[in-house]
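The following pair of complexes shares a single chain, subunit A, combined with subunit B in the former and subunit C in the latter.
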Partner chain A sequence: MSKRKLKDSPMPIGECISQVQTLLRERLCHQQLPQRPEGVDSQHKHLMELLKRTAVHGESNSVLIIGPRGTGKTQLLRCVLAELLAEEDVDKTLLQVHLNGLLQTDDRIALKEITRQLSLENVVGDQVFGSFAENLAFLLEALKKGDRSSSRPVLFILDEFDLFAHHKNQTLLYNLLDVSQSAQTPVAVVGLTCRLDVLELLEKRVKSRFSHRQIHLLPSLSFSQYLQAVQAQLHLPDTTFPDTTFCYDWNASLKALCEDKSVEAVLLRHFNSTKDFRSLHRLLMAILCRVSVNNPTIKPADLLDASRLLSADAMTNVLHGLSILELCLVIAMKHLNDIYDGEPFNLQMVYNEFKRFLQRKSNSLYNFELPVVMKAFEHLQQLEVVRPVDAAAAVAARAQREYQLVRLMLDHSQIMEALQKYPQCPTDVKQWAASAFG
Partner chain B sequence: MTASLQHPGYDPERLLCVAEKMPCRVSQAGTLLSLMGEPAQYSYPSIFLYGHRSTGKSHVINTLLMDLELPHATVSCVECVSVGLMFERVLLALFGPDTSTLLPRSPSLSDFVRIYRQQAPLSPANQTRYIVIEKAELLRDMDSNLLPVLVRLQELVDDNVTVILLSEIVWDRFRPNTGCFEPLILYFPDYSKGDLQQILSQDIHPSYSPELYSAFINILLGVFYSVCRDLRELRHLAALNFSKFCEPLKEGKVKESDTHKLWRNIEPHLKKAMQTVYLRDVSSVQWEQQLQQTEEKECAALKGLSAHAHVELPYYSKFLLIAAYLASYNPARTDRRFFLKHHGKIKKTNFLKKHEKTSNHLLGPKPFPLDRLLAIFYSVVDSRVAPSASVFSQISSLVTLQLLTQLGHDDQLDAPKYKCAVALDFIRAISRTVNFDIVKYLYDFL
Partner chain C sequence: TPRHATPSIPSRSLPARQPGSALEEARARLHVSSVPESLPCREQEFQDIYNFVESKVMDGTGGCMYISGVPGTGKTATVHEVIRSLQRASDADDVPAFNFIEINGMKMTDPHQAYVQILQKLTGQKATPDHAAALLEKRFSHAGPKKESTVLLVDELDLLWTRKQNVMYNLFDWPTRRHGRLVVLTIANTMDLPERIMINRVASRLGLTRMSFQPYSFKQLQQIIMSRLNKVKAFEEDALQLVSRKVAALSGDARRCLDICRRATEICEHTSLDPGAPGLVGMSHVMQALDEMFSSAYVTAIRCASVQEQLFLRSVLMEFRRLGLEEATFQQVLVQHQALCRVEGLQPPSVSEALAACQRLGACRLLLLEPSRLGVLQRVRLNVSQDDVLYALKAE
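Presenting the complex of A and B:
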């Protein structure tokens, strides 16, 4: 495919690539909205109905959208909103308030944000910065004055809903849900969360005011659908893309790619580890980076490379960069772990183990003194390869550094794998690591 | 990956210039560039870069952003002790000086995002904005929401912005409980020995040939490579020791080509440097003075920080400390044998219990009550000592000197427990001054 030069194309290849990058990057990074989210038709319908009842008929509702990270909760909501706003009247009457549990960390900030987003600041005047109670009273008053028929419906969207449940007394949630229960201004409270046990976090009085409508978004893709999703994400639209020849070639090569056996194996591995879209986007982004003028189509090798890049074990990488002395200490710790069955140890014990190795096996090539070893040990501690058992107590008791108890944060296989990859690892160190009894 | 840096979005000549500034890091820079894409294109919301200390993470990123003139803000978490400071710096660098005054006095994340959203359309982005955060491992100790907000900042502010996190620690140790947006993870591999040699050989001394310097670097790496791979540390050591290396050349004893003799001359020096300058026991100024001095007082003059560790204590304080050391490192069962006159003969093997096979000098000091300390104290001091206020105040002043540590601060008067926090060498030196043979009384050395 790649050999085929596009001499008769109206655009030079560099520009085509640039177009492809722009288009696909917007799709992968900026979470551009699709026409219609796939595989969630019933949820889409449910949410659409619900919001429409609030927006058009003035009914108050509350709903929670629950699903693991990267399953398209925000996307679903945005799609529904975009569709809803496309309808007549709705965009003029519906007021939206977007809150995020990460940003609005307490009720005071959230309240200010609500006032701001409802553009009530000019009404309140300088009262925006009045006391919390005044602000809340004013807002409730404003919401209470309205009724079903005359006032404009308000849509509250609470992203990271579980974080709002950690606010003091859950005042905000209580008040919002209370308004949604009583015949006041029509409001819809939509919460998005990734915690399945979010209802357990709510206080009893808050819980009783919640309508217990939940929309679950669980990844239900089969592998063939996953493959299709990969293709759809990288697909170029033949109607809007300026260069039709390039577009045709790209799509054809994409199809050929997805039928490749090695590619399928890699994707299957990804599919088995996680089904969320974000990780898929990450993979595709890593692939897309390799597309350039010299390499205008995606080849299976690109995919293999990208997948290797993303699935590399970080700890093995870190071990690869250690000096010989630090590696020896890690091996000594591994032996201590084996002998004492995972009990925590201190530097003195590690040093002792290391010295025993030097006495018996090595020709005193690495004869280092305790302070040098301590420096290496502290470097390991900085990299969090070892961790103090009780950091707070150690600081409080001002324990001597060589007697501070630590634990190794690696497992057996990681150490052995790193040793295999270590450049110019001395043979005696390798043998020492392999021998079971130090 | 090709050896030279190239990307369609940027001027090739400028890229060539940039590539020269980062030896051995061109392929990493290429990967980064391809991730960043052309200036106008969207880039991934957050990128997490990890790698060992001084593998050029900040250098590569900052050179790229600086030389390609992309809008960016670089903040270090060490300097930003509060989130407010960090926000102020980011806004200052991205939108100019007047915006940071818009922040309220103790800004919340919400304020930051709101002001960012206000300002972004005013100075519209036709280029991706970058926020580089160095020492990102400290983010974990700051506001718990800060990290999740930063990694999904692009979505929250709805602007073409990319957050780049730099850290020594792997991403697995960062992830919050409820998860967050996962950044794209990139690894900066460590420099190999050849890379280090190449980079270090670049800073040449003007009066000597580059071959000589490179030979010196070779010897230096031969000594230090097994202990240290930190480029900065190695460069510092090279700068300190090069004058010593050139000494025989100056005096005319050796020619430049005779590397073996030069090696014989410098090697013991480098070995000593590992125990002194490398540990910062001797400061580099002291070390340089040392090298300039003549060789006769070489050994005596070199007194590092650790040589000053011996403190002069009063007579009873010395014995109190000795008693504390004995109480910490001996099991209480053996006190009878050591400190009573008529104890009968017991061999060590007789009271060796199963769990005590490992010595206490391996496990560290054990806590002991005040009564035991005083009992041992009275038996090791020859004269009769009254339990006066001064003895007790000496104990508490030993605690203030951090030679003893008090455990469990709940009970100050009634049966406090202590631990001895000095090393064996230290206590040996002290007992020598009062003619007390401490090794005879230590269970571990029986």
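Presenting the complex of A and C:
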């Protein structure tokens, strides 16, 4: 197939593949904006109208965009902003301030950032002068001097809004919302958060000043829409892609792929586990990594591999890397858990359980000294397969390591699954694991 | 360093567009910021505060007053109105001239900044908190020639609390000085604040002149909206009544009432068939606005969750019922979850996947979780009522 292609396409296959990779990687990893996000028309309209009224009429507003992670909150906002700024003289009037709760961890930093982004007069270069109190007074004074019809509206975007609610006294939120409720410079305060209970975090006086407009972004798409989204994400644009035959072949193979039953099953499993778009992008990215010159189209097997890679259990993988002794200790802990119904245990108990196994069932092949067992136990602790019940108290009481109480951080299903896949697992160990109560 | 910077926001090239239609006009009037000249339904409180401040200014003495009430009941607006009319009176020489200073506990980074702000507003001087306190002390305890009275409004008083309470002490002590001529009006939310957080000598200096603002009743809220609209015909009578009854039943917060009305005008504008003449805001629009602003999204969020997340919630409920407790470890829930998956004919998720689903539910606060370092040992609680979860899962 590639031979034929080489002959009549103007571009060599390698060139096409690298084009595909750049295009799709841009789309999946850099969250490139679509023209308009799908399925959120009413939310889009609400937000658009609101920001437009602030920009054009000088009306102050506040709004919260709430939705689980990966449902396109930032994307919606950015789309609306791009559309708004495309209108004439809006981009010259609207001032924007972007804040993020993860970066501006307290009001002092947030205030400097606001002053810097507004480039008020106490800013020289990128440096903001004055103390925290002076900065706040300066900003409030500046906002107070403006009025509805003549000063430029300011758009405050607070990403990770819930983190701002943890600041001391919620001073910043109070002041921003207070400006939005009084006859000062027109502002729009837009908060983005994934917490549904965010309003309960606000203090009463802050809550009263918030306008209680909430835009909920909840993923409501069905499986057929999900399939379409997958196809749309991997689709190549016919008009702009340089090699039309390759583009045509790619899109055709993509269509065939999405109709494949096994592919559908994998995607359904993925859809059932989460509707988050980011996790879909992760899956698609893992598939895209397998596309190369030797493998120019996506095969169902690629998808299966990628999905297996992503849904693998992390702890089972950790157990695969353990030595036989460590595995034996894990099994002994499982038995202790069964016998004593989840009570915490210490190294001595595990060691005794292990010794009982050695005496009754096994030859002396694994007859290790206590220090060796302790070393293995400590390794398990480092991997966080076991976890001290109360680490701080144990350190304070200077408990000896053999008698420190720990808990097993594994589910039984994980242990059994790991044993099945463990390379060359001795039969007696397997039998011991399967037997009830050691 | 910029020494004499003038704080200002740049001005726009084109002036903002003025409201065109009746609905836009109504919206501009209903915005919380457009405070009317005289507040309806607060005549009694207005008169009380007016008399208090007027008598103190006339006599050239000092005094304190404590004003309390839940947010959105018009405390600050009423005081501002009092000051406006007093200033008008002093312009007409009915009342001696006085200074008005306003500070707000929330607009300061530290309680001691109160001194700095008062001093700056009185004299324009800049000083450190300690120095400012000393200067103010001197100013209020010595007689000066032709000294004017000062009216000081302290908003959000509870934020001025410090461990030694010296800021509050000073604020309430200065009015008692013979040459102080200081009238302090303090505003806070809780009625029993002086008894709760102030030590005796502070509370006694605050005195017993107290006033509490009651939440608005539905009639008052209705009157407030009517007076704001001022003959602009945009609302049906019933719609107004519904809004005011709802808000009065919940909080009696006038801000909420105005915000809902504003949202209702927007909804009316969007849903009207004829964009030229959108008509009046009716019951349906108001209902929709009320729904948007008061309803919680938990039920919708559960309905929109993925299948595995819903199953996880259901297994949480099953485990709670089995244990008879409101709390379970992830491991216990997982057993139920895997069993439930087999019943439903789905492939059971791996522990990592189930943990991820649990974390997602925790991130949007449908569940309350311990730190995720605890892995399968972390305890899980519901943040919604069990009935809500059942209702959301059943109604499919």
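Please note the rule applied: the second predicted complex is superposed on the first by the 424 of 438 C-alpha atoms of A that agree within 3 Å, B and C clash if a C-alpha of one lies under 4 Å from a C-alpha of the other, contacts with A are read in each partner's own complex, and residues count from 1 in each chain.
Here is the rule we go by: a residue touches a chain if its C-beta (ideal position, glycine included) is under 8 Å from a C-beta of that chain, and two chains touch if they have at least 3 such contacts.
Computed from a prediction, not measured in an experiment: that's the story for all the values here.
J.: Applying the touch criterion given at the start, work out whether A:K334 contacts subunit B, subunit C, both or neither, answering first, second, both or neither.
T.: Neither: A:K334 stays clear of subunit B and subunit C.
J.: Looking at the overlay, what does A:R69 touch: subunit B (first), subunit C (second), both, or neither?
T.: both
J.: Who does A:C194 touch here: subunit B (first), subunit C (second), both, or neither?
T.: Both partners, subunit B and subunit C.
J.: Just subunit B (first), just subunit C (second), both, or neither: which does A:S60 touch?
T.: Only subunit C is touched by A:S60; subunit B is not.
J.: On the A-aligned overlay, A:C289 touches which partner chain: subunit B = first, subunit C = second, or both, or neither?
T.: A:C289 contacts subunit B only, not subunit C.
J.: Looking at the overlay, does A:M349 come into contact with subunit B only (first), subunit C only (second), both, or neither?
T.: first
J.: Under the stated touch criterion, name the partner, subunit B or subunit C, that contacts more residues in subunit A.
T.: Subunit A has more residues touched by C than by the other partner.
J.: Just subunit B (first), just subunit C (second), both, or neither: which does A:M315 touch?
T.: In the superposed model, A:M315 contacts both subunit B and subunit C.
J.: Mind working out whether A:E384 is in touch with subunit B, subunit C, both or neither, as first, second, both or neither?
T.: The answer is both, since A:E384 touches subunit B and subunit C.
J.: Given the touch rule stated above, what does A:H167 touch, subunit B (first), subunit C (second), both, or neither?
T.: Neither: A:H167 stays clear of subunit B and subunit C.
J.: So which bits of subunit A does subunit B touch that subunit C touches too?
T.: 69, 194-195, 312, 314-315, 384
J.: Inside the complex, what are the residues of subunit A that reach subunit B?
T.: Residues 14, 17-18, 21-22, 25-26, 28-31, 69, 74, 100, 102-105, 109, 112-113, 116, 162-163, 194-195, 278-279, 282, 285-286, 289-290, 292-293, 309-310, 312, 314-315, 317-318, 320-325, 346, 348-349, 352, 366, 368-369, 371-372, 375-376, 382-384, 397-400, 402-403, 423-424 of subunit A touch subunit B in their complex.
J.: Any idea which subunit B residues touch subunit A in the complex?
T.: Its residues touching subunit A are 7-9, 31, 34-35, 37-38, 40-45, 50-52, 55, 108-110, 113-114, 145, 148-149, 154-156, 160, 168-173, 178-182, 184-187, 189-190, 192-193, 225-229, 274-275, 278-279, 281, 306, 358, 361-365, 402, 405, 407, 419, 421, 423.
J.: Name, in rising order, each residue of subunit A that touches subunit C in their complex.
T.: Interface residues on the subunit A side: 45, 49, 56-60, 66-69, 89, 92-93, 95, 107-108, 118, 120-122, 124, 129, 132-133, 136-143, 145-146, 148-154, 169, 171, 174-175, 178, 181-186, 194-197, 204-205, 207-209, 211-214, 216, 218-220, 269, 271-276, 311-316, 384, 387, 407, 409-411, 413-414.
J.: Report the residues of subunit C in contact with subunit A in the complex, numbered from low to high.
T.: Its residues touching subunit A are 1-2, 5-19, 24, 27-28, 31-35, 70-72, 106-110, 113, 116-117, 156, 159, 189, 253, 255-256, 259-260, 262-263, 266, 270, 292-294, 296-298, 300-301, 304-309, 331, 334, 338, 346-347, 349-353, 356-357, 360, 363-366, 374-377, 383.
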